[in-house]
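So, here's a batch of structures to check.
Both complexes below contain chain A, partnered by chain B and then by chain C.
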Partner chain A sequence: MDYVLLGIQAVFNGPPMFSILGVGVPAALVMLFLGLLTGIAVGATPGLAGPMAMAVSLPILISIFGVRPEALLPVFGFLIGIMKGATVGGAVPAILFNTPGTPDAFMTTLDGYPMTRRGMPMRALKVAHISSVSGDTVSDIVLFVCAPFLAVLVERFLDLPEKTSLIILSLSFIAAVMGSSVGKGLISISLGMIAALVATGEEFHPRLTLGVDEISRGFPLVAAVLGVLILGEIFKSFEDLWRGPAVEVDTIEPEHRDKDGLMRGDIRRIAPHIARSSAIGTVIGALPGVGSTLAATLGYTFGASAHRRRKTSEQKDFGEGAPEGIAATEAANSAVSGANLIPVLSLGIPGNAAAVFLILAADSIGGFNPGPAVFNFTRPAVNPELVVAFGIFTLMAVGNFLNWTIGGVFMRSMGIMARVPIRYLLPVVLLVTMTAIYVQETSFVSLWIAFGFGILGYLFRRLDISVLPFVIAFILTGSLERTARQAFSASGGDPLFLFQSWTSITFLALAVVSVAVLGRRDGPGASKKARVEKS
Partner chain B sequence: MQRINVDVVLGLVVLACALVAVVIWIPNDTGSGIVESVRGRYSIGDALAPTVAFAILGLAGAALLIESRRKKPTGQLSSRNLAFIGFMLLIYLAAILVMRWTGPALASIAAEGSYRELRDTLPWKYLGYVAGGTLMVSVMVSLVERQFTGKALLIGVLASLLMAMFYDLPFDDLLLPPNGDV
Partner chain C sequence: MHKILTSAVAAAMVISAPFAASAQDWTPPGPITMMIGFAAGGGADTQARLVASAIEDATGWTILPEQVPGNSGLNLAAALRDAPADGTAIGMVVTETLAYNAVREGNSDLQFDQFTMLATTAAFQLGLVAMAEGDFASWDDVEAAAAAGTPIRFGTATERQADMAYHMSQGSGIDFNIVQVAGGSEIMNGLRAGDLDIGWVAGAQAGPVQSGEMVNIATAIPTPLAESPDAPSITDLGSEFYLDGYFMFIAPGGLPDDARQALAQAISDALTTPETEANTLVNRAFGGPAILTGAELDGYMQSAVEAASNLMEAVN
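== the complex of A and B ==
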């Protein structure tokens, strides 16, 4: 309980950004608020996404707050604000213009846009807002409870071989469930590992560099991650735009209705769908690598099934403009974001792109290494990392409060963002990303490295290989090798060091099973396509 | 089902790459072997992790070959895609060259000192960045619009100028391209 209070104090008594009537306003709260507004605006802009905004803002944040422990909470505040805002904002163009602002808002178009056509855009937006923030709040509560508990269990019961096996299990699971096939998932994982291994190691000779001096210190994390995640996406979207027919935002005027907004009984109608989808999104989110698109698809599918059984004759079906359809989708995809942080904070394993940027921020600033060691409730000494962790929880709770109160108003005013032409946005985002990389690395070499990884990201997307396993493997490989080295040495050089305990053997067996069993099924992307086609 | 498709080619390529890396590249480009023994104590060498990573790559290639027998390929990579990448490379290269050399070239013509002495003063510190950024943005906008217009140029200039000011004015310690390299 002391640490909870210390975390709250770290946020509310942190360094002030400015003063109002002589009262200092904490920087972390100001940054959270600004991040939330930025996230809603970015989410509402088709072609942009939360991770892009996080990537661009990270060097600026580090420049503002520096690389000292006091910088952690303001920087995390802004990034968490973007994460929360983008999940809400993605529904805006989906409902108003039939254009999902973020990929996971695709299912929202199925019911949101028909409601707009029937003259109920405000009602649809309000349903989306309530559902999205409810899902996010439920997911955050689960995170607050589960992450410390899981981390303590890991620290208490897992030794070095078990931790090594756990990372192997995480990577295998991600390879198996992400993307269109297990073979492609494994390609993504292995290439991420190979990229992370270049020029690292314990010997004087920088390994796998082919004698190229420019990479003798390895690939910069920022250049590699931004290259694959952001530049690759820009290249692909730009080519689609260049070669494809011009897609204009739908400007058909909706029917006019005098009164638009939540109707009597709406909350009661959508509440079961919010509850069900929040549970689905939270469970999906807690599994590393399984994205919000799958959660939205499952939430929608289960919601549609329940709705068919219970709906009255005057209620619309899913796909024809049912508020329940929006609730089922938005609660599910938003519930992923909080739960996605469970593996990051408790195990140090990032589960999605937003988590990757939180790790990048922690890595750049220092003083906070996400993982089980964070939740070390030492006494009488105070563990500063644990204070930061509870500070993050406080920021998430305050972010939810802001989302509940002002988020809806700001979200409903963001329809204008969908009209920004993407053909102007993409080149500007490319320039902004290049600048963000350069100001952090101050070298043209890093721009070329980012371009190289951008090409890789582009090829991945063209070949239908998921990029997130690559990024996660790139981040985890260092700790995998380090833990394996320590475990091997501690075992006295036993080649079977990973098979000395039943826990480790179980993890390894699960790794094999996940690849063998989950690999036989179509990936989430494929199943989503199939379901979308059916609906 | 078609015997040769993009997944089969991808599977074969990664399998071949993995084999070459394990047999030739890793032994010649790592400082120690798979397991090292120093004074009777065994430790993992620098070659183990890359060998495991490439082994997984080889496994991935084999898995993809097996999968391609029962599934249609979901990705596509055509010569048009590769040409596009070549085109992007040219735009990127041109933008970086302009960023790198505009300031030093103009300084050698129009100023007494070297660019290095001027790189922290206006307008020199923005010249390369704005010129290169404008080139990249306006060319990309023009490509999509299939014509070069004044509007594309204006967007390029405004975006680069705003971005330069956004990063440079509030933060003294941030260096815009190319000022960290010259």
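== the complex of A and C ==
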């Protein structure tokens, strides 16, 4: 309990950024606020997404705040702000212009845009805002409760071999559920592991470097991750632009209405959908590797079938401009973001791109290593990592509050962002990304490395292979090798060390099952696609 | 681990340069990169970063801490060897990085005479640590468990510690399962999580031992441990050697004398000035500052290299 207070204090009594009327405004809160606004703007811009903004801002943040432990909370504040803002902002162009700002807002267009055409854009935006923030809040509460609990459980019951098996299970699961097929997921994971094996390990001489001195300390994390995730995406977008004209933004003037805004009874109508979708989003979010797009699809699908059974005759169907449809989608995709941090904070396993950047931030600054050891309540002296963890929770709670209040107003003014043409946007993002990498690595070699990984990311996208498994494997391989080595020597050199306990065997069996079963039938990844195409 | 926006650094230098010039005869010709050879977030890492902050506050120099972990400090030594010998690159390792690992690895470029020793900061308060409530809370318990056939997982953070663990099993006849982990705080996390049974910790155990969470079942340094003066010495439990050593700042070889003195002085001031956070930390967790510089430090390193060869002979 003391830690909760310490965490809150760390945020509010942190180093002040500036003072108003003699009262210092903590940097963490200022950064949270700025991040939130940035996130909403970025989310509202088609072609940009939260992770991209997080990627680009991280090195800049580190150069501003430095790498002292005090920098952790302001930097996390900004990143969390972006994460929260982007989930809200994605709905804006979806509703106003039939163009989803983020991929997970695609389902929002189905009901949001018809509502706009019927002259109720404000009502649609308000429904989206309420649903999105509610979903996020529910998910965060689950995170606050579950992450410490799960972490303590893991530390108490899992020994080194079980931890090794758990990482193997996570990687297999991610390979199975992400992207278009299990085979492609496995390719992505394996390539990520190979890249991570370069120049690591315990030998005095760096391995697999082919004698190249520049990579004798391994591929720089930032260059590799930004290369695959951001540069690859940019290269692909350039190709799309070159091959065909960009999708025209639909600008039919909506019919004019006198009254626009929430109608009486709206809240009561959407409440059950918000509740259902929040639960779906939270469960999906807690599984590593399953993204918010699937949550949105599931939320919408379940919402639609419930709505069909219950609706009265004058209410609209899903797909014809039902506020319930917006609520079901937005609550589900937003509920993913909080729960997605459960595996990060309790196991150190990132589940999506946003989590990857939080780990990158922690890794760059130092003093905070996401994983089960963070939630060590018994350490007699104050455990600084635990204070940071509760500081993060505090920031998330404050972020939700800001989202409830200012976020809605700001969001409704962001319609203009959808009109920024992508051909101006991409070069700017490319330039900023390259700058960001150079800022953090200060070597030209890392730009070439990033460029190489960018080409790899482009090829992945051309071949319809998901890049996120690659990134997650790249990050997790170090811990996998380390725990495996330790488990092996702790068992006294037993070659069957992974098969000595039932927990470990169960994890391994689940890993095989996840690949085999999800691979044979249409996995969620495949069925998501099918469903999106159907609708 | 990552360097910082050069322009911001340049700006900081412009602001701080006049102040630094008036405070010191020697000033670094640019921002100082401080390589840290330890995992982020551990006790040694914190110590290095606090020393960096204290030096920045006292002198106005700009110090950029950078993580270069791995290979028990040899990654750092290799990176530092190629850095300019003008005071803009220093690194924090332990004495055994150069006095043991380099000897063992055999690369002539990484031997201690290829570097300039700046200053030690604190001595290892090295103990053999176990959980106070666990099954290995004393050496007798360890022997009893071994007699009963229980495998004993022995956490070590460096090559020398691993060799010493093996040397302990030679002397005591107990077969340990020796597990290499990244550092002392990881060993303590492993003890807490039940992943390890006993392990070497070089000072960070002081707090947990004082609060009764952990216990030093033996001391591995020639002087008694402050928090457990009664712990038996490992030399009474089958070892012929101690695991003593220091945390130490080094620079590339051939550093000019004025730079060497100024840097050593700055490090020493950072640790001995009361009320710096570095001073507080070193007093709390590392048994207080223990500073060797100049010829005294070179002499210590010479003898440590000889001791290392003896241990390697004993375990081979």
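Keep this in mind: the second predicted complex is superposed on the first by the 530 of 535 C-alpha atoms of A that agree within 3 Å, B and C clash if a C-alpha of one lies under 4 Å from a C-alpha of the other, contacts with A are read in each partner's own complex, and residues count from 1 in each chain.
FYI, a contact is a pair of C-beta atoms (placed from the backbone, for glycine too) under 8 Å apart; a residue touches a chain by one contact, two chains touch by 3 or more.
Values in this document were obtained by computation on a predicted structure and should not be read as measured data.
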Contacts of A:G366 with chain B and chain C, given as first, second, both or neither: second
First, second, both or neither for A:Q9, with chain B first and chain C second: neither
Partner contacting more residues of chain A (chain B vs chain C): B
Chain B versus chain C as contact partner of A:S501, first or second or both or neither: neither
Contacts of A:A490 with chain B and chain C, given as first, second, both or neither: second
Touched partner set for A:T442, first chain B, second chain C, both or neither: both
Partner chain(s) touched by A:S479 [first = chain B, second = chain C, both, neither]: neither
First (chain B), second (chain C), both or neither touched by A:S63: both
Partner chain(s) touched by A:N376 [first = chain B, second = chain C, both, neither]: second
Contacts of A:E155 with chain B and chain C, given as first, second, both or neither: second
Chain A residues contacted in one complex by chain B, in the other by chain C: 59-60, 63-64, 202, 204, 439, 442, 485, 489, 492-493
Contact footprint of chain A on chain C as seen in their complex: 1-6, 8, 40-41, 45-46, 49, 53, 64-65, 67-68, 70-71, 74-75, 78-79, 105, 107, 151, 153, 175, 177-182, 189, 192-196, 207-208, 210-211, 213
Complex contacts: residues of chain A adjacent to chain C: 59-60, 62-64, 66-69, 155-156, 158-160, 163, 200, 202, 204, 216-217, 220, 222, 363-364, 366-369, 372-373, 376, 378-381, 385, 439-442, 482, 485-486, 489-493
Contact set on chain A toward chain B in their complex: 59-60, 63-64, 180-187, 189-191, 193-194, 197, 201-205, 207-210, 235, 238-239, 241-243, 423-424, 426-428, 430-432, 434-435, 438-439, 442-444, 447-448, 451, 455, 458-459, 462-465, 477, 480-481, 484-485, 488-489, 492-493, 495, 519, 525-526
Footprint of chain A on chain B - complex, ascending: 6-7, 10-11, 14, 25-26, 29-32, 35, 37, 41-47, 49-50, 52-54, 56-57, 59-67, 71, 73-77, 80-81, 84-85, 88-89, 92, 96, 100, 129, 133, 136-137, 140-141, 143-145, 155-156, 159-160, 163, 167, 170-171, 173-178, 180-181
